[in-house]
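First, the structure itself, so that you have it in front of you.
Chain lettering (A, B and C) follows the sequence in which the chains are written, and residue indices restart at 1 in each chain.
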């Protein structure tokens, strides 16, 4: 049954299985094991980024497409729900409308970009997506009537997801069973479902064709697969899942703004997640997302410890300054591209178990 | 295949079309000078990038790092020489700006050398990894900038004699923009002469078309490539320094911001073509300024629109390079 | 028989996962013209590219003037005095005819006497001297490609299908030019599919089949053996137009 759930794509390594179990179980019990608003926020964010990174792995790792526009779809999904909740009121019907609208726009945009640009060479395509993404980010901050401009939108979530909602009176393991808990588990389960769905996609015949195209597009075309069509479908799928991740984020945090959904920093983050985690493995995206969100929130503390004795020295002190966590992740990223293309997952898998 | 003049005409056409839309002739002149200045600065930064792509099929997504480094180095030198910067003599001003810009070029060029050897060389020919690794280089470089110069932004004031504007009748033309245009034209002329009248230029032009055949004729094209890469990085540093003076505030993100414009310009121009890059840069600069005046809301998206329109007309850019 | 200027022993070349050359062995005697013949896909172009270092031989030895050049980078091979005229001609279309030749003349400005010789054989190059080479017709581009290879004295010329798609008059020009070259101190290795052209010029012949050398010997004896020609070159080969 486990094989069917994971679409026959088993971790194939004791260490990897252990790591993944830790993540899945850890996230499942997070509200109880790590009580507090901040840790719950981190946990929810990890869930969202797991989905976002996994959708990007579909594009980068399985299809071999580098697109800098991926965060755009994330933002579209988030804004879809945000705008709906702002305009149509805090109801589940608004959520449904927002999600649907976000999906439609994301998929349509992905199809247009795909059909137009996927005929061109890798580098050309990457540059164009960079340009489009930055234009979109600017657009979002320039339409305040619709998107709330630079400050974004603040809105109320449906009643069941608000802190004031009581599912059960009293507490469970010391934690109040309120709307925030419901919200968290909504995000958690949707995230798990989406990852399992992606696993199904990449392990299907469709997925095999994608990988064949990634390895040798000419050969694939010669055998008879229209590479443009397959790549476009993959782009649309990835965009749709990214949009859903955005919708989840919007449902978790009752505010959506360009910084949290459209900035290039997020694009950098998911690149790091997928490459360091391990391209083309899906599990890599999961581990990478956990790693990066943790680093963002807790690596700073580690660096602060290293930094303390060096504080006085001008350059060295700055090098290990807590704010420079991205520097070290960037170095790790470069090393992974050169020496560990299969990332953490690959390294874990290659450890002989036994 | 006659000489292809059509793209060249785009520049005056855009300028002339803008005139009635802008309305007032004096504003139009100011905007045109601003557009030319901006366009030429972008050209300086973009020209090296398009040549390295044409020559070796390498696109450095970390190019923004050289731009940012140039801006920061120039800023440091100018701040150190601030007495000369604030003096009321144009010569002292230039004596501060000159070394600053030179230092910017040297440091950026050196960074380029290191970048080519460490980051780019191992991934020649592998486009996917190239994109990833050069983006990683950008991330690391931006962070290192913050390590060395601190995370806050730096304010840089233009030297005294370069502030303000010339008044020609009713028209105000900013002095700094005139300088930018002058420098840009000098760089363009130097590139044109080098490419068309020297042996190295000959090698570069031939190499952009067919590097393999140039090797078969006995030339070690890899060395040439390193040279072009370093020159492109130095030029990016020069452009960054000038852009920093133009904006008057410098942050570590400055490289990435301008880099998007640079990419748009080289896509418009055609990857590998310096002439196309020149025209593309002018078009981007002019349209950004005209539209910024006529319809400010659309201004920031205007570059994408321009890129889309040109790609619809010529899918490979204005002057696609003959081969590949 | 003159000494071999170029000799290949056991040369194997792979392109990706495909094995193209399976142990090529033949000699190119000095001061003559060797024809490399064979059917389409026999590996003739691959052989030339391997000699030139554009593709790396996976195994084997390539000796030029006694020295193994199999692992040298292409520019170094060229500088030993080997010139290459590829099947695609590889003219620099954006450069003028003049610039194409200036580039090919590594040691300095082109020698005027040599230029005159070239203009006499390939008159169109003089007419189009300052125009972009992309303006030339197919035959004229072929002339330019050959001119680039001979603008300075070279020890060995590797020429891939010089007559493909050319009009008979131009082919006659080529034949005359090649004759004069081989009578000078130049050795030529020419790949050809046009046997009528080949038999007029070749001194020695090497015939390839399926990545190997199937026959070597003098052109005279090969030209006399029609059965062998039919077997190795395919029936119906002969005149090309």
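We take it that a contact is a pair of C-beta atoms (placed from the backbone, for glycine too) under 8 Å apart; a residue touches a chain by one contact, two chains touch by 3 or more.
Computed from a predicted model, the values in this text were never measured in an experiment.
S.K.: Of all the chains, which has the CA centre nearest the overall CA centre?
M.R.: Closest to the centre of all protein C-alpha atoms: chain B.
S.K.: Which chain's mean C-alpha position is the greatest distance from chain B's?
M.R.: The most remote chain is C.
S.K.: Just give me the whole-number Å value for how far the CA centre of chain A lies from that of chain C.
M.R.: About 57 Å, centre to centre.
S.K.: Measure off the straight-line distance from the CA centroid of chain A to the CA centroid of chain B, and report it in whole Å.
M.R.: Distance between chain centres, rounded to whole Å: 34 Å.
S.K.: Calculate how many whole Å lie between the centre of chain B and the centre of chain C, each centre taken as the average of the chain's C-alpha atoms.
M.R.: Chain B and chain C have C-alpha centres separated by 44 Å.
S.K.: Specify, in ascending order, the residues of chain A that touch 2 or more different other chains.
M.R.: If we look for residues of chain A contacting two or more partner chains, we find none.
S.K.: Note which residues of chain A are touching chain B in the complex, please.
M.R.: Checking each residue of chain A against chain B gives 64, 66, 120-124, 126-128, 130-132, 134-135, 138-139, 142, 264, 268, 271, 275, 315, 318-319, 321, 323-324, 326-327, 329-331, 333-334, 337-338, 341.
S.K.: Would you tell me which residues of chain B are touching chain C in their complex?
M.R.: By the definition above, chain B touches chain C via 1, 199, 202-203, 205-206, 209-210, 212-221, 321-322.
S.K.: Could you list, by residue number, the parts of chain B that touch chain A in their complex?
M.R.: That would be residues 53, 57, 59, 61, 119, 122-123, 127-133, 135-137, 139-140, 143-144, 146-148, 150-151, 256, 260, 263-264, 266-267, 271, 297, 300-301, 303-304, 307, 315 of chain B.
S.K.: Touching chain B in the complex: which residues of chain C?
M.R.: 52, 54, 73-75, 78-79, 84, 86, 90, 92-95, 99, 102-104, 106, 132, 134-135, 148
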